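Read the structure below first, then the notes.
Chain nomenclature is as follows: A, B, C, D, E and F, assigned in order of appearance, with residue numbering initiated at 1 for each chain independently.
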Amino acid sequence: MPKDTPRGTSLPDSRRTPRFAGVNTFCRFPMLGDGPAAEIDPEQLDWAIYGIPYDGGVTFRPGARFGPRAVREASQYVKPYHLELDVDIAATLHMADAGDAPVRPYSTRETLEAAAAFARELGNPGRTKLLAVGGDHSIAYANIQATWERRGRPEGGLPLLHFDAHLDTVDTVWDEKWTHASPFIRAIENGLINPKRMLSVGIRGPLNTASDLDYGKAHGVRIITARQWETGEGIERMDDFLAELGKDEVYLTFDIDCVDPAFAPGTGTPCPGGFTSNEALELIRRCAGIRLAGADLVEVLPDRDPSGSTALLASHLLAEILALDALASTSA
Amino acid sequence: MPKDTPRGTSLPDSRRTPRFAGVNTFCRFPMLGDGPAAEIDPEQLDWAIYGIPYDGGVTFRPGARFGPRAVREASQYVKPYHLELDVDIAATLHMADAGDAPVRPYSTRETLEAAAAFARELGNPGRTKLLAVGGDHSIAYANIQATWERRGRPEGGLPLLHFDAHLDTVDTVWDEKWTHASPFIRAIENGLINPKRMLSVGIRGPLNTASDLDYGKAHGVRIITARQWETGEGIERMDDFLAELGKDEVYLTFDIDCVDPAFAPGTGTPCPGGFTSNEALELIRRCAGIRLAGADLVEVLPDRDPSGSTALLASHLLAEILALDALASTSA
Amino acid sequence: MPKDTPRGTSLPDSRRTPRFAGVNTFCRFPMLGDGPAAEIDPEQLDWAIYGIPYDGGVTFRPGARFGPRAVREASQYVKPYHLELDVDIAATLHMADAGDAPVRPYSTRETLEAAAAFARELGNPGRTKLLAVGGDHSIAYANIQATWERRGRPEGGLPLLHFDAHLDTVDTVWDEKWTHASPFIRAIENGLINPKRMLSVGIRGPLNTASDLDYGKAHGVRIITARQWETGEGIERMDDFLAELGKDEVYLTFDIDCVDPAFAPGTGTPCPGGFTSNEALELIRRCAGIRLAGADLVEVLPDRDPSGSTALLASHLLAEILALDALASTSA
Amino acid sequence: MPKDTPRGTSLPDSRRTPRFAGVNTFCRFPMLGDGPAAEIDPEQLDWAIYGIPYDGGVTFRPGARFGPRAVREASQYVKPYHLELDVDIAATLHMADAGDAPVRPYSTRETLEAAAAFARELGNPGRTKLLAVGGDHSIAYANIQATWERRGRPEGGLPLLHFDAHLDTVDTVWDEKWTHASPFIRAIENGLINPKRMLSVGIRGPLNTASDLDYGKAHGVRIITARQWETGEGIERMDDFLAELGKDEVYLTFDIDCVDPAFAPGTGTPCPGGFTSNEALELIRRCAGIRLAGADLVEVLPDRDPSGSTALLASHLLAEILALDALASTSA
Amino acid sequence: MPKDTPRGTSLPDSRRTPRFAGVNTFCRFPMLGDGPAAEIDPEQLDWAIYGIPYDGGVTFRPGARFGPRAVREASQYVKPYHLELDVDIAATLHMADAGDAPVRPYSTRETLEAAAAFARELGNPGRTKLLAVGGDHSIAYANIQATWERRGRPEGGLPLLHFDAHLDTVDTVWDEKWTHASPFIRAIENGLINPKRMLSVGIRGPLNTASDLDYGKAHGVRIITARQWETGEGIERMDDFLAELGKDEVYLTFDIDCVDPAFAPGTGTPCPGGFTSNEALELIRRCAGIRLAGADLVEVLPDRDPSGSTALLASHLLAEILALDALASTSA
Amino acid sequence: MPKDTPRGTSLPDSRRTPRFAGVNTFCRFPMLGDGPAAEIDPEQLDWAIYGIPYDGGVTFRPGARFGPRAVREASQYVKPYHLELDVDIAATLHMADAGDAPVRPYSTRETLEAAAAFARELGNPGRTKLLAVGGDHSIAYANIQATWERRGRPEGGLPLLHFDAHLDTVDTVWDEKWTHASPFIRAIENGLINPKRMLSVGIRGPLNTASDLDYGKAHGVRIITARQWETGEGIERMDDFLAELGKDEVYLTFDIDCVDPAFAPGTGTPCPGGFTSNEALELIRRCAGIRLAGADLVEVLPDRDPSGSTALLASHLLAEILALDALASTSA
């Protein structure tokens, strides 16, 4: 099979295994490593989806270590054909659930190293893209690092498309440099992310102080606040950013707390005034045309998600992100 | 009392029986059959509201058999005067709770037959309209069949106004022709519904395959997707459909999963990206002016409704549907 | 320190006491009366926030007596800098949690008297403004009375900015004149509120009868229904009202049930079709420029709030209300 | 049919109406007043089960006004044949759900009067016994009063078998004489209950003061604490009490909070260290042989009952209480 | 490796994969079929644990189709060394999670056939024993059938050790012979189970009629009611039954509803008065010394299990059952 | 006031502040440091109750950092008179809520140091005893250390009375020596606890390996397993241990997971087969006569406690522990 021919993903036969049956994998994708040869060809793998069940970096409520488990369960009802973008992710992309990265529950730094080392080797490093499911936002650093290395260590760092209620560029919390409030300041410092090509969408108050956004602004990070999105003034700025990206690969990071607590109560630092689920889906769809380097989805906390809506939305967002790549793939 | 004089509905005296007291009936309406003559006159009855507590047709999560019970309880706080449409349903319509249809829990087909037979005889067949509360969407078939028969077996079938996340025209699931994914393909095949006069509002992905909507499209069903509603392009098409209806009676079927999981988590196949409660209410109100043949509201699953919002919304939607008829009644 | 210099509010050092630690006070403000002199200067106090844990005035579901407790807990994550209005409430205003007013659990009338007597003496009556947290809406009367007295007993009564699903001008319920459906008819009758300067935003049906709004309309109360807000026709009328206020102090009362049950399920008489959290926040922010006489936030019922979103939103609304005053304070 | 021949109770045909279908009545018994003549003969009625949805007498958490509704729902799965006592309650007793008593939500005293007046007339006052479902424990007074009057106003008052964590003989709470802490002091004062023939089982600490039990002890009330039941020293004392009763009718009052919060979390003043469900059932069964004058079951609070276990246990306890009478009836 | 040498089970390295990480398999056992050769040797497999996610046989509340999924998740914290019986199941037995059997969601009969066909081939039919996780109790029939065939079709049927609140020997429900109330009448009729060697433990009322237990009694089934266990009169009878078994293999079926709703609320037909968790564990441990032919654990319904205690207890009971076999294995 | 005269504790006047009102402190005790002189005399303080909101030491589910907050709230209904032991804790002991210790959320070791430093200075070090509320079990070390220092650094370490499902003497987890599985191995190593005078009650399986208890056994720790308690063989051994203590002060540590998940679901590593609430209360009461050096209660995790029973039981256990000291105090 020639390298660039989409190979597709074999899903369970729903006549034999209904969506409420079987061991949960992300979106019912086959497991990388465990499946028979017919199901997965690591060399041809387009995406490895894996969990990083770590929440030691939080500043308020822990529990996101159970996020990958909850998203795997909720994703059993995700279907492969994207009606609005007219693309079938399973027909287009060769995808696998790569399991969970090893974690070191008492150290964010050690966890990031272990997870990055794990991610570095998944599938075909020259081809396979990485989609990490958190865990708290600290884990984004590990996936960004592995992605940056595997995508050719682009100079100046990767562009970043960042959906979040918080800017996450706090230098230290309780004297610690590796927390869920700090992944992007670290990624910028270490050259993995280019702050001048970073857009943060959904930021909203209240904040601890007026200076909380200073670092980002000083380094050229562009911000669209939740309110600016509501009033419509954010759309043009987002479109400009997307246009500037051109053919360059961009890393996408999605903190579920950019969504309003009515739609995503299951998260550690919920903040009223966020996106609706429709807006969240639309934000991703608006990115149709971009090329992804990798992505993550973080901060799902199932113990605060009594109806399961948060994990369900998160699992649909995974499919939305993959649909962007499926679209790029078919239009390539 | 002349046949066409609105007789109204006697509600409990809230000075004696507060809304948290008494045996639950739909919207506190009197029970058909059990009430003293003063409360219900079957000959004059405008609407019989009844439950079909059946969920054997589901493809994923069961539990909607408890839907009628939950809607009865939540509807205790529904009040009769519709502020936005300026009509009082209890002053205008003679309504009753007709109890629950008999069900055959191990067979969808037998349940549909039993429920249709039950519905066929309720109240005054020549006058009383039927509002069924599910149960899963398979039960719509029974109420459509009884309605079609009682409204004079209109040739070509009844027009259908359909609110749903899913088109429900799947031929078979696990070799079964009678499921909650199939009520409308069966109703079209059997001439109860006219596909050329059918509008489905709220459809959204993801789907199993791109061909999922082919049957509907091939038979002339019109579709307004959730996204088309968000972008505004659906309104004109809906208004056109309503205008075409003219004075013809239309059957209205409302699957609560057309609403977003934030507003209606309590359903069996929730899908992010649906209507807000405001949009759902507005969709019904936009139909002011139509003439109803009958209606149903389905797929409320109370075990997944921790705050009760789903059943509450459903009970308000019942009142919205009845308000359409009250309006038609007063303007007649 | 000169009287009009903002003194600010000392918050706990989060390096020592994370937001999940310590005894809960509203927004982590110091306790009035208990704190060391350095923390609170009663003479300089700008706002006393206090609870009135009473729900004996409800007509349906009780439990709002636990509202102050839930709001105190949820407010631990409220931060002081308001991004959208660019004002830091803790830097600008000297605020304290004044504890809970005494209540008389078996009598609304006695509770209102006890609470008003308590509120009358808080901080510096000539300076300190009162923000009451309910409890059911009946308690608003007590805070309005104390506010009216402390702000110089303005003739004709205070203007009222009222956010609610219900108009709350019912004369009696079960023969009782003091209930959560009646605070404003009593306040109007007793000259505490000027109905000609009263705006009620968010009113929606269904109602018991078409005449439910008659008292308000007859006395000049202006109403913007939820639907009018959705369609955009309410904005201008609200802006007109705000403009008419000029420099006059207005009392703000916020019943959480004006918000939709998806965003605020934890309330006693929820009604579908309300504001989103974004709309609720925006409604307050639109009032930027007004001068507050006092305020209350009522009807949070934690037993119906499984994910805590209601109490969280309520605690953010407290900060929004205080931000209005902080803004007036800095622009004065 | 001769007066003393058991007439039995017609239950719904479960082949037509499964236990998850139909309007909820207590244990699926027919409604008194609404049913056709064939179902209920008021003259022959053995038991009227009715709700008193009132919780205005509580000292801590309200919500038990929803108790009758929750017990009706949970009781749908109660079956009529009592395996352990070998008696079929539906075959033996003619029973009906008499609906809910009228309540006056703002006054315990007025509610008790209205409920007693309602109960006084139910069925055949000379034959029909009263089983009231609360509501908070204050409502026991109304049912005791009506029972006492209907059973011939026995001099000195009725004997009382009282299962509870609390003695409920507090004179006043917040100056009020009619509360859920006071029903028995009032019933003793007014000659409805004979304190020398009163046994309270399940009392446990902690208490406000050592003197809390003084009134009861001074008047001859016998107490078996929860701990005394655990250690076994209560059994003989209970058996003595039962033996003393002989053929005299006794009133049974069951506060669900005598059961441990693991088994009955849904109550307003839960206290660890109570009975298991097995012990609770066994306590009633141990009374086999007594003659009941009437009974009540109170303090079920569904908002604190996430799995529904409390209402389920309560509905089984209703059947246990009725089984005592069925047994007395068949052995008579 | 000689055939009868215990091979043990390789569990994940918890230094790499904490118990909150990784794809959920029963008790973290490796997957049959998917694992590398080093992890599973089908020929040597002692136990195949698999799910049958089917609930179409219920008579009341559905949802147990999600039981296998919930038990897999809850079993992540189950550890292999059994302290009380002093045996390490993973060191002694070679075990695997065999995934879920295929189901036919609309037909109990077809599901039983499909599941039995699946189970028949698992691992090494001559060696591997089958532990099925439901699903509703109807699925026991499939596992019993496959077990009976694989264990040499013992004449007269297998002995049965049955823990349950219900006897499950109802002939038909709603005219259907294959339901969760009927597995054992069918198994007896078809010679798979020997009723004279069947013991049912935990049976309790209330029942529909006094005749509900007649079939079992007439065929020699022995019954120990829940109450008989409480009073101690059941122990000797259970010990007699165990002694009679001698070296014969017995099939063990465990319906979680034999446990009290306080300990196991998550089930479809909960009934107060059941075993405590300690009693349930002790019942299994008392069987130490028996030889198992196979086993099942059924009726876990996660939607009614708000704290997860039911699934947790169920997962521990799986380990208890396996410990019986580990013990027999080491003492052989 | 002479030093040894019990000074008592002033509780809020419940006529003014019902138990659902006011800022939550442990058992409604006054705050140390904030209260007016009349309420607290630090020199005379008998007990300082304080929280350590830390859960960074867990090996499975985090969230116990919210334990102190939940216990404060649940303890509002705890009353001071202990019926069974006939002692009034508020009349006998001078007690205060000392707030929460400072924590370092990313380091167990630093947290233990900060908490011990905080505890070391509370009240009158020569008199005031320390009762810490966790938080995970790692925090016990801090309170033990501060207690040991304040009680005169007894040579060989303090005796320890330990209630727990787990022995908590694991050397390291994920290479870390300071975890919730390790407090007692560290306390023994550092001479704070005397293993020969340590009794662990409630230990139960399953365990990771048979060797998990080796360290404890080798050092002379006595163990009463949950099963030994059920069978009665533990009582004598416990009484022996208590008798040996004589007049020596003992430290009591209570991990809520020794209680069964039915009674205490809200904990991080629940294990079926634990104590009932009655057994837990009785275990403490059985210790009547001992002299306490200090105590802690840990591992309450409110996010898994849907009905609040866990926090309620925990708050009652605090009162039970204090009652032991009140008893010793009055009998001194």
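Here is the rule we use: contacts are C-beta pairs under 8 Å (C-beta built on N, C-alpha and C of every residue); 3 or more make two chains touch, one makes a residue touch a chain.
Bear in mind the structure is a predicted one, so any value in this text is a computation, not a measurement.
K.L.:
If you apply the touch rule, which chains end up adjacent to both chain C and chain E?
P.N.:
Output, common partners of chain C and chain E: A, B, D, F.
K.L.:
Going only through chains that touch each other, what is the minimum step count from chain B to chain F?
P.N.:
The least step count works out to 2.
K.L.:
Where centres are the averaged C-alpha coordinates, which chain has the largest centre distance to chain C?
P.N.:
Farthest from chain C by mean C-alpha position: E.
K.L.:
Looking at A-B, C-F or B-D, which one is a repeat of the A-C interface (more than half the contact pairs shared)?
P.N.:
Among A-B, C-F or B-D, the interface that shares over half of its contact pairs with A-C is A-B.
K.L.:
Over half shared or under half: which fits the residue numbers at the contact of copies chain B and chain D, same or different?
P.N.:
Same residues, largely: of all residue numbers at this interface, over half are found in both copies.
K.L.:
Counting only Cα atoms for the centres, state how far chain E is from chain F in Å.
P.N.:
39
K.L.:
In chain B, what residues contact two or more other chains?
P.N.:
18, 20, 59, 61, 65-66, 105, 174, 260, 262-263, 276, 304, 306-307
K.L.:
Looking at which chains touch, is this a line, ring, star, complete or other?
P.N.:
other
K.L.:
Pull out all the chain pairs that touch, please.
P.N.:
All touching pairs, sorted by chain label, are A-B, A-C, A-E, A-F, B-C, B-D, B-E, C-D, C-F, D-E, D-F, E-F.
K.L.:
Going by the contact rule at the top, pick out the chain E residues touching chain A in the complex.
P.N.:
Against chain A, chain E makes touches at 16-18, 20-25, 31, 34-36, 51, 53, 65-66, 68-69, 72-73, 97, 99-100, 102-103, 105.
K.L.:
Going by the contact rule at the top, pick out the chain F residues touching chain E in the complex.
P.N.:
For chain F paired with chain E, touching residues are 59-61, 174, 203-210, 212, 225-227, 230, 260-262, 265-266, 269-274, 276, 304-307.
K.L.:
Inside the complex, what are the residues of chain A that reach chain B?
P.N.:
14-15, 18-20, 77-84, 86, 88, 260, 262-263, 276-278, 280-282, 306-309, 312-313, 316, 319
K.L.:
Chain A touches which residues of chain F in the complex?
P.N.:
55-56, 59, 61-63, 65-66, 104-106, 108, 174, 176, 179, 303-304
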